[in-house]
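You will see two complexes here that share chain A, one where it goes with chain B and one where it goes with chain C.
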Partner chain A sequence: MTVVDAPPPRLPVRPRPSAEPARGGVSPMLTRLAAERATGALIREHGTLYLAEGRVVHAESPLTPGLDVLLTAHGTLKAEVWHNAVARADERHGAARLLLSGGHLAEGALELCHLGALYDAAYFALAPSSTPGRFRCGIAHRLGPVLPVAVADLEREVLRRRELLRRIWPDARPDSAPLVRTHATAAPGLTLRQRTLLERIDGTRTATDLARELGRQAFHTLVDIRRLAAAGLVAPRDAPGPAGDGETPAFAEQSAYTTDPHITLLKRLRDALEAL
Partner chain B sequence: MANTETCLKEALASIEGATGVALVDYTSGMALGTLGGGKSLDLTVAAAGNTDVVRAKMRTMEHLGLKGQIEDILITLTDQYHLIRLLSGRGGSGLFLYLVLDSKRANLAMARHQLKKIEESLEV
Partner chain C sequence: MPGIDECLLEAMRLPGARGAALVDWVSGLALGTVGESPGGDPETTAAEAAELARLAAEHGAFASAEGPDGERPPVEDVIVSNRDSYHLLRFVDTSFDSSVFLHLWLNRTEGNLALARIRLGEMAERLVLG
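Up next is the complex of A and B:
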């Protein structure tokens, strides 16, 4: 009799969406640029980071409202003042300096709003991407330096934010898909911020659209949306199937929307288990 | 008109018994600036954790239908005071100042008063 002592095949395991490819950084290229004290723009799939001597001075992403939206949306700054400062900015005097010297904005307010926008855009810019980043040497942003951030601090914060979202609700689909409202059996009380957000969810808007409309940071909007998803009040709209299967977006929306409490509960349970 | 760094420095230097201070964004839990704290107290961890305190209190107030705003939250330990002051910017700035005091040296009423002054100088 032969004894087979080969180990049994490993059970298939679903890859964790939040798993890091390797410890020690979200972007090896960014870590290298920081070590080389590089100046320029690192262009990635979901956003751009501007570096000056190896420190991050600004970040932009098409998925987040820019500093201009954050500053003008709540009346902190008039839109024409912003445009004027950006138009007059040159290499020696960034737009930030012009706004401060013109007395349009307090230094503390600009610094905090800028830091918020920087970390917000960097979270999306440093998201896992399918294409490699490109670095353009010597490029500076028109805003000019405000408060530079060390790359290590930025990377640590990006990882902390990913973990924060995962802890609130492990399914990342509501971050990017158009959102629909669902009916929860026992909905918790909502804050004013969350109610304002919920009122605008109509089956077409995504988290990015909502953030821009409300003049809020996109990551803050993701935090609220994941909390609403965990409460069973919001779900990503199912992507419409390929043409020809007869399922229109309206139908998909209808099937996501059901008033039967048992089915709603089972669906949430399934989503949570799938996301584990 | 003060910038963030001078505000934090002023808090540590002018408030009697202050050992650490942080300026925190309470939606993301990120410390936008920290000063002091030393090895015994990691202010970035304290910042993230205390956002849950602020959030819980705000949610409770919404449930109770209270219209007032939180000015500050005080937590007393056997040897420390932790003071959280919410910044009242335009439309609610979403930020708070977090101050750690040595309870043997601190004067709470003075600390509250000075922290309010520092908040005003930040002009968020």
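Up next is the complex of A and C:
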């Protein structure tokens, strides 16, 4: 009797969805601009970094609440005070200086809030993108310098933050999709911040919307969202069907509620495995 | 009005101070560091201190009896002592949403924990109120 010893075919391997660039940098262009001590704005798909002599002085992203939102949402600054400072800012006196000299804000408070907003926006601005970045030389932000951050420090922090989120829950879809609650009642053991977040999840809002509404940093909101996803309380809403199929968010939310808990667990497990 | 660096340098003038940092406890990012850090790596120290601060801030057992009001940190300080040093974490109460604390590392023989706790509280307040 002959034994046919044919090796089984190799299992197919999907390419990793977001292959990390070569070790070290998140953006080779940014690294080069830092080395050249460039001044200007690096415009990327998900945000803009402002550089002054090779250091990052400000960052903005459409996915994060700006410094203005963080400072006005809880009443630290009145909106008109902010607008006034931005309108009066010129090359010599940035809006930040005007706010400080006008006595509207303590220096420590401004530095703290600004650094928070800078790292927050940079996390999204330096996310893997599908289009190349553009650099516009000599552009300065109206805010003016507060506390500049070295490019290498910023890049290291962005990589650390990616890893932090991945460790909490490896599926990145809840970061950008509209979110639904998967249980009608909040589980015990949630923090007050998570509870506030959970109450606002309604099948239409994304993490960015929630961060802006609550005046919280978007990355901090992602940390809470991923923790809620890991606990099985929140899931990304499934991609909507073809336009005009009449599925309302309320329906999507309801269908998420009525799903068999075993099935949701298996789905979450599958998503987590796929995201690994 | 002091900025972050001035605040940390002031903390370093306390007797027995070895190192000070301002850390965000959600992300584990050090927004500023001065002096030494245990093990020599300020980033690792910041991440580990952030983990401790987060546990203290998030567990109801450590919150004040008045109950949380949502905007303010539920905990004032976290104190850790070992055979040769003290670690003092002081939560910073800001009028905007944030999650930061001051971390002071004190030499046990020269440090005065009671004094440091009072002073660090005052520094945390001055940092954000001017």
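Here is the rule we go by: the second predicted complex is superposed on the first by the 236 of 276 C-alpha atoms of A that agree within 3 Å, B and C clash if a C-alpha of one lies under 4 Å from a C-alpha of the other, contacts with A are read in each partner's own complex, and residues count from 1 in each chain.
Just so we're on the same page, contacts are C-beta pairs under 8 Å (C-beta built on N, C-alpha and C of every residue); 3 or more make two chains touch, one makes a residue touch a chain.
Worth saying up front: this structure is predicted, and the values here are computed from it rather than measured.
J.: Using the superposition on chain A, decide if chain B and chain C clash or fit.
T.: After superposition on chain A, chain B vs chain C: clash.
J.: Now for A:Gly203: first (chain B), second (chain C), both, or neither, which partner does it touch?
T.: neither
J.: Touch check for A:Leu71: first (chain B), second (chain C), both, or neither?
T.: second
J.: Classify the contacts of A:Thr191 with the two partner chains as first (chain B alone), second (chain C alone), both, or neither.
T.: Both partners.
J.: A:Leu112 in the overlay: touching chain B, chain C, both, or neither? Say first, second, both or neither.
T.: Touch partners of A:Leu112: chain B and chain C.
J.: Kindly classify A:Leu147 by the partners it touches after superposition: chain B alone (first), chain C alone (second), both, or neither?
T.: Both partners, chain B and chain C.
J.: When the two structures are overlaid on chain A, which partner does A:Leu214 contact: first (chain B), second (chain C), both, or neither?
T.: The answer is second: A:Leu214 touches chain C but not chain B.
J.: In the superposed arrangement, which partner chain does A:Gly54 touch: chain B (first), chain C (second), both, or neither?
T.: neither
J.: On chain A, which partner touches more residues: chain B or chain C?
T.: Greater contact footprint in residues on chain A: C.
J.: Looking at the overlay, what does A:Gly40 touch: chain B (first), chain C (second), both, or neither?
T.: Once the two structures are laid over each other on A, A:Gly40 reaches no partner at all.
J.: Check whether A:Val223 is in contact with chain B, with chain C, with both or with neither, and answer first, second, both or neither.
T.: A:Val223: touches chain B and chain C.
J.: Going by the contact definition given at the top, which residues of chain A touch chain B in one complex and chain C in the other?
T.: Residues 74-76, 106-109, 111-112, 115-116, 119, 147, 157, 160-161, 164, 191-192, 217, 219-220, 223, which sit in both footprints.
J.: Taking the complex as given, what residues does chain A use to touch chain B?
T.: Residue list for chain A touching chain B: 74-76, 106-109, 111-112, 115-116, 119, 147, 157, 160-161, 164, 189-192, 217, 219-220, 223-224.
J.: Which bits of chain B are touching chain A when the two form their complex?
T.: Within the complex, chain B touches chain A at residues 1-4, 7, 23, 25, 27-30, 32, 48, 58-59, 62-63, 89-91, 93-95, 121-124.
J.: Tell me, which parts of chain C touch chain A in their complex?
T.: Against chain A, the touching part of chain C is residues 1-4, 7, 22, 24, 26-29, 31, 58, 68, 70-71, 92, 94-100, 126-130.
J.: Taking the complex as given, what residues does chain A use to touch chain C?
T.: 70-71, 73-76, 100, 105-109, 111-113, 115-116, 119, 147, 157, 160-161, 164, 191-193, 196, 214-217, 219-220, 223
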